[in-house]
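First the structure, which I've put down as structure tokens, then a few questions once you've had a look.
In order of appearance the chains are A, B, C and D, and numbering begins at 1 in each one.
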């Protein structure tokens, strides 16, 4: 059994980790920390866990964490980068669900996150944990930077196009939509049901923190810098991300090849499902599941390729992908604990 | 492996049976029937099942069904009563998720369902499948009538009060609220998102089909006829039932004993969770899970006991309870395939 | 033109007052106060008001308020009772939308609101502003206590039964359901979309602040103390309250007379709509409108009368009723500014 | 008073016309037709209209319609084109809310709507009723083709860019999102609350009927053919459309001029609100109102201009714009009956 620690477990990614690990046959949660809720049983805060965990939140204790095989960070940015070096020194493996180790260019990181990076050497060493791209590196990694939610849906949707060089990489558009759980579990007025319910809007349209992460991943796939515009939107629902992606084929004739290209690229991927061209993936088809479903579209004989891509922001966009990374890191079946179908309807 | 047939699989209880059985280690779905969708792969209709089932819907074939160990009926009322006798003769066991075999008084049944009952002998033999009441009978049963969704939440909430004789059984009130999936998957204008969304209303306030079923179950618990008023309401959400129950203590002093009474009654029940008095069970705390959570309340020193009880109408209120019944019938661990925590948030 | 001041305008009742007053032909908003948002144009916070108001929030200024004909308080409890005496002395009329002047028994008030009352003489003088009960008193009043949202829906639903003495007033049950805007516009975690969305629960089941207000109003109607149990619930929608009321007829034969009784009671009321017996009022049928719609139901020949009653919690349950009270106080047509139909769908 | 007829009044645009006309001081609804509901009072179907209309639905009667000053068609496509010629001959003016007269190229119309056009001479004469573009022509028109919902939000958002020639008109992208009422009030399984609720998806991504209408309008604004990709999405809410538009500046330096350009273009438009650059218009800010709100965005120094544009699909996207057109046609104040602020929250 892998001994698991979770740092910062009171948010939505924390409870989602617990939900998934509750039925994972090879993982045992040893501790889950929260300064503000120390002493509170996790099942008091999250009644869906009643009967599954006897655990209470505890103050973070370096000695206890150092005794774990794997520590997940489900903290706001800025926390993991301060605690990770000590865990690395202790030989503990870490999957960081926050943004601390996702961006390689630390000036960029500092600009978007408003603070200098405090663990630059580990930022350099961290493996960006998108298993569909970096499975082998993840297997060996001591520190995995778990991708953001939008970046997961958008990178998986664009990858085959960019890897194949069939589209103009300088003018990519990603129109993203997310449920409200993506904003976390903090008492912000703007995220009240009274504000979010029965309404729809864009946000961060002049620049969102996930943009540099998306750009970095797409550039790696393309083998060159990319130009990408990303506009996120808030959907009056709890879970789910949909991204509608637009790219321009350098030759319109290539469209017919794309379906095969996508199917080939993801044929062996357990968590990426390329639906028949023209399908419309729904976020509910991945609710609670670790899948990314996608489909290709073209309008008449246009050169514009459209990709629609859906994930559950808390699963493939956070806790599920973190457990997938854990499975890879520990040499387990990659789908262990992640096999249940999505909750539809 | 138990060989499973599902009759009428295109509705929400059908897909929910498949979702649960997809990861059940002892069950294998052999066939799933639908006259209207025969030939269509189930995963085309329900993309959450892509990768889980190769099965297509088929015309109901008596020979194929007769080769199953267990057949679930997920049909509108009136279908199972016509097909069950032949299956019974073939020695097949049946869990009927429809209303056909729930009511023992067939005049009552005929009045509420608008047709004469066509299998009266099997209506007499059928075991009403609320495992918390009839586990032993279910174990032996060839035909189990799976309870309705509201009746499950309401009976479980009232049972300890009625079995103990502490309340006036002649004036019980059950105020029920359900998500829209409870109305099934048929193209009714009244169930459009444009009609249901962002609104709340009672329906069936002058009499709902679940009333006689509730009355029958509560009378059995009380050992006498009961007077019960039941008003269902439609909530703008997909899944979940909450029932708020009101009963009057014959002696106000008895309130203090009630929490212990409830905890004792359900101590060994794997799927009933009595929360601390004063808790407020949320439907999301059971979303996708087979649990019923409940809590007791009193206002000042009133003689009125309040019980709030929640289930997922498609799980403990339908498909989950059906699988629980299957586990009981086949001597398996009752929680097999039903262990995953609810999806919260 | 009536010169209007609004104290505490940043919450949902504040913006709702502005929405209604924007098209009221006899009212002009002179000032709207907010300590935290002083200087911010109201249309920056509430873009639906762009083009309707040039006003900015301002620090509360006693001199400015004293220059108004009418001041609305849309503040948390505890604010109005401190400011009202000075306004009374200045001869300004006040409609207080908070709870400060609703309860006549100040010990009860202090117990439920956790502080001593600071303006007891005005609590005694205030008129409880339910126009369907106290129209004449409101006309003369200098200080009107605008009723709470649940109390409005519940009192209007029960009134004819209690005034007629046809039911047992000692055992009334009110099962209330409210959209999330009822909790106000404060950054509470429990009211996030991620917490409220796609879920349903009771809250305050052991006692809610609206209980003493409901009890006081029902007792006045009955001419005797009443026994009432009130359980509120949170619905995953923004606006709307539905209350399902249960009472027991002293003689079952009286049911037939009830429809006529209700229609007679409310025949001349512009904002109470008694639908045909057996109808199911929907909250959306009053969204944005000042109406209360209700209907009567009975199950078989039961002695239990069921009344379903709906309002928009922000309109008839707050700002609309406040403007109705203003119209009454200033001798205007009671429906002025309140004539537009509800927004359905 | 303008005598109004409404053909096909049972759908969402029909009830919305009634809601708006109920308080319009210069319009009187004489008849509202529905073959299927003939004889049913409109207030029985739409209880928000109780007390506002005594009218019942009636069979369409050419004589009665010919006696009206203005007839609105709120019918599925294919109906108006058969009835309009007779009304034109009778000198009646018509605003058609369906798609019958929106497209000038009738081969295109026939291809997208699956039938030949039956009134080609009137298709040629009809004025496309976007008042912000064609106010003068609308004033004189006998037949106005009321624009579609997406086309309204998208054209208004793109117009200043295209009229100014500052962007590459060959590669425009419009990512649209709509609430469920946009699909109308018919019993389609795909539009059930159980299917739409708590989920998000694209639809019609390979080509939607609004595409040729959008293309026609944008080409007229640009003075040349345009290349536009349009992907609509379904949002789990009832009302509202948001469109996020992407275009590429021919010179990046031009971005600074755009805000002024938009403000100038719409300065005198009563129903178009250009918010400060970087704002995020929400659909709720126009709920129930006839406004289109929009804002401009740029990411870093990109050449891509982003416009976010919101309307209420049933108001500025249908019935409200139809009444605006009526006001223009009859020489009334264009905002008559359309002045109330949106319902927020």
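One rule holds in what follows: contacts are C-beta pairs under 8 Å (C-beta built on N, C-alpha and C of every residue); 3 or more make two chains touch, one makes a residue touch a chain.
Only a predicted model underlies this, so the values are computations on that prediction, with no experimental measurement involved.
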Comparison of A-B and B-C by number of C-beta pairs in contact, larger one: B-C
Farthest chain (mean CA position) relative to subunit A: C
Gap in Å, rounded to a whole number, between the CA centres of subunit C and subunit A: 45
Separation of subunit A from subunit B, taking each centre as the mean of its C-alpha atoms, in whole Å: 36
Averaged-CA centre spacing for the pair subunit C and subunit B, given as whole angstrom: 38
Residues within subunit B bordering two or more other chains: 12, 179, 181, 194-195, 197-198, 236-239, 281-282, 284, 287, 345
Residue ranges of subunit C in contact with subunit A within the complex: 12, 179-181, 183, 185-189, 191-198, 236-238
Residue ranges of subunit C in contact with subunit B within the complex: 171, 173, 175, 177, 179, 194-195, 197-203, 205-207, 211, 227, 229-231, 233, 235-240, 242, 244, 246, 248, 278, 280-284, 287, 295, 297-300, 302, 304, 306, 308, 310, 345
Complex contacts: residues of subunit C adjacent to subunit D: 12, 15, 18-19, 22-23, 46-52, 181, 197-198, 238-239, 273, 275, 279, 281-282, 284-289, 293, 314, 339-345
